[in-house]
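Next up, some structures in structure tokens.
After this come two complexes, each holding chain A, first together with chain B and then together with chain C.
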Partner chain A sequence: MTSTAGGVPDEPSSPLRKIAWHWRHDEKRELWIGWWTLVVFYNLYGLLFFVIARTQPPPQPTLAPSEIAQWFDDRRHGLIYGYAIVFIVGGATAIMNATLAYTMRRMSVSRAFAYSYLVIYALATLPGMLIMGVVCTVGAMRPDRDPELMSWLYDFAFLSFEGTMGVFLIGSLVWMVAVLLDRNRVFPRWFAYLNLCNALTEVVVAPAWIFKDGAFAWDGTIAWWINMGVFVTYTTAFLTLLRRMILREDFGTGPLPELARDEAQEPSGSLEAAR
Partner chain B sequence: MGRSDGEMILLWTLPVVGVVWLSAFLLFPGFVQPMSPTLSAEEVAAFYRDPENLPRIRYSMILFNWFAVGLIPILALIVLQIRRMAHRTPIFSYAIIACAAGGPTIFLMANLFWLTAAFRPMRDPQLTLMFNDLAWVTFSSQVGFLIAQNVILALAIHLDRQARPVFQRWVAHFNLVVAVLLVPAAFTGAAMTGPIAWDGLLTFWVRNLAIGLWIVVMAVVLRQAIERQRVEGETVAA
Partner chain C sequence: MTSVAGTPSSTSDRTQAARFVPGQPDMWAFVLFEALVFTAYFTVYVFNRARSPDLFLESQTHLDLRVGVFNTLVLLASSWFVARCVQAAREGSFRAATTNAFLTMLFGFVFLVSKVREWAAEIEQGFTFTSDEFFSFYYFLTAIHFLHLLIGFGVLAIAVHQLRSPARRSQETIETCATYWHTIDFLWVMIFALLYVMR
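Let's turn to the complex of A and B:
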């Protein structure tokens, strides 16, 4: 593990050899594996949900049963194959959440924060993603099912996905408090307030359980569009901050050192896409 | 009684859990000859209404409900072994903890759908069919946490660079092979007949046998690792 300074060859320039070099010699390889998994999978999930399964942006809650049966029929293969890929790679959330939990472990706060975050988000994978996939697959695999039952599957799919709030609400607040208490300067204070914004989006989505149209419905301006905007900002922010954290990591227990200017500019040194 | 004695007790719960699972598997009339997705709503309703089947469906699923989480202590032992590996961060052990609850929870969901279908078999056959579909699709397609467990374990073993690694290299390769064998089951919604269908060769037999083989092999290598740890602990103490 400990690569002696004398035995390590210089980093090669071709991309594949670079990955191999980092796999062998980079002390931060575990963190880079986590970071690359986060980047690759957030992009992949975007592609699967928006382009292949076409369940995002969400359709209207007001569709009639016959229109819902048609909705399933129109995207039958997208739902089945799109969610099949989600099912295969969905477990990657484990390594993603483990990496985010590590940010809290590197802070000067109690381990309880990292453990809470880890368990809350492990739980979130089910109602936040997998139940919707199962229910949409069941809806898509029998187009001749009674439209009334199709309508129940449709509601269950979208409400379980949009309407599962607590895990993200409490999870973001745990991270927020950890950032505010931390003296190791792992993340800047403004990220704590961004966590609060993310938590608030889970509060305003609650009316989606009550209203079938308008801004608060599951496809509405507030419950969906504004929330998606905050979520994308939040995700981009923590991916950027996490990358900086990894570059700054010294595997100590005290404050993280700041980056020298040229280090911060250098975008490479992180090719650990190995999976 | 040392720490490793407790770990050995946890490990030896596995054969007991294994026997219960195997009995429940044989008891459930929809597994020995897996139910076909091509059955009509009336045929599925008749399966649940059959007075021979109904008690077997209920008792086998109650057994699964009791013992589905039986694998979690074994995963906890794997987490402890990952902690002994020469890593710089606890990310891999965290990730296995994150996976540990996922698999059993998903299986419990399938279990609830089966039990609910069996609770009132005289319900409208369309409803019984829907619960039966939800049970089978949840049971068959949800391989994500298992694949993640395999891949994370393989990565952790590969990066365990010390003179005497906790697990040998072949355990990592074995885990990757099992991960590949689980992949086709995710596509079970795509076919009503053939190897991908939920009663098919790949989705039902290969996947379930791969999971069974994984449990047996991991139990053996875990036992070796714990034994070795125990001997090393005694040497240090002496």
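Let's turn to the complex of A and C:
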């Protein structure tokens, strides 16, 4: 292995050594760790909620108390172990939120945007997963309780999770305004408008507090399925744009440089290349 | 963004408009995405209507078609004024453009008041968000459109802010704002057809 003039050895070819090299020498190391945390977290989040705990897609709000007690019993182990992992990985949201707030700190806008985003998304962790996790775990670990109480837990879990999208709405709007005002071209403007679309679909889940069946209930076509489609599109978009932003990052304060076409397709000189 | 402060009808802006679409292409991505989301809402409405046609038809008779037509005409007029605003800005007539932007706002405001009065009248008759499935969709679709309209006033305020100072004027931004306003109009025409006209 040869060394460059700056004392940094050339990037090795074997995958493990490559990771070690990037760990030691990549100046974007922290950003890539943040990005990978986001990717792993969202995949894990989907796996835990949809496959292991089986709380998503949400069940019917109209179940009778005895059916609700059965619902908890049917997925007892999934709820306990699934949400145990959720509680363990919940701390990753600190790294994720910091990485997303970093994008706003790199913009030419006031720091208030990044701080507002951090605060609102720190709060969003509660209705976004922790309350539901705690309540479902309580239900799963106390199967001998009165079905009426289980019914109350069931409503609390799903209404706190599905019906409290306001914090995400404000977060999306903060990001939207930051992108529109930014002169450093950190994100394209269409992403600002996509934030608005996402914010507007967060509004339509509010009727889930009123309706127990139909399109507006917490498992409804409009309140859940369409909303989820928009959310997945939005999340995919910001993960892709964030990766691109890290590739473009020059640690300066002015506009971010654009990527050459081949650089965007085959990134090198970063942890990303170790993939 | 092709910001051409002070020279809204400059060659670069005209070239951009000729080569792509009016305003920022990014706003057209928004239009496309919103059209997809609303298409999904409309599909759910039509599907639910097909399952209970009698209930939907009966409830629909409680809507005043004349108010719906009035709202549609008012919003179409507002769209016409915003188009005139863009045209005037392209020609460098910024005073006329500003007047047309204010007229757009005025007609948007008339729509807003008319919609609130219509809601109040329906509620007075006992038809609320939870009365039946048709009225749930009626309030949902008109309210989400109303929210878009409220954002539209902010968007028009940006256009007026741009037009009032030569240092800020950007034809592209003005056209982007107009594109948003036309989207509100386009969505309303679809909502009007589904809620008031379709039998």
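The rule is short, and it goes like this: the second predicted complex is superposed on the first by the 261 of 275 C-alpha atoms of A that agree within 3 Å, B and C clash if a C-alpha of one lies under 4 Å from a C-alpha of the other, contacts with A are read in each partner's own complex, and residues count from 1 in each chain.
The criterion applied here is as follows: a residue touches a chain if its C-beta (ideal position, glycine included) is under 8 Å from a C-beta of that chain, and two chains touch if they have at least 3 such contacts.
Because the structure is predicted, anything quoted here is derived from the model rather than measured.
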item: Chain B versus chain C as contact partner of A:93, first or second or both or neither; value: first
item: Partner chain(s) touched by A:174 [first = chain B, second = chain C, both, neither]; value: neither
item: Which of chain B and chain C A:29 touches, first, second, both or neither; value: first
item: Touched chain A residues, chain B compared with chain C; value: B
item: Chain B versus chain C as contact partner of A:230, first or second or both or neither; value: second
item: Partner chain in contact with A:190 - chain B first, chain C second, else both or neither; value: second
item: Which of chain B and chain C A:211 touches, first, second, both or neither; value: second
item: Chain B and chain C footprints on chain A, overlapping residues; value: none
item: Chain B - residues contacting chain A, complex; value: 37, 86-92, 94-99, 101-102, 105-106, 109, 126-127, 129-130, 133-134, 137-138, 141-149, 151-152, 155, 159, 161-162, 183, 186-190, 192
item: For the chain C and chain A complex, residues of the former touching the latter; value: 1, 24-27, 29-30, 33-34, 37, 40-41, 44, 48, 129-130, 133, 136-137, 140, 144, 147-148, 151
item: Touch list for chain A against partner chain C, complex; value: 188-190, 192-194, 196-197, 200-201, 203-204, 207, 210-211, 214-216, 221-222, 226, 229-230, 233
item: In the complex with chain B, residue positions of chain A that touch it; value: 1, 27-31, 33-34, 77, 79-81, 83-95, 97-99, 101-102, 105, 114, 118-119, 121-123, 125-126, 130-131, 133-135, 137-138, 140-142, 145-146, 149, 153, 251, 275
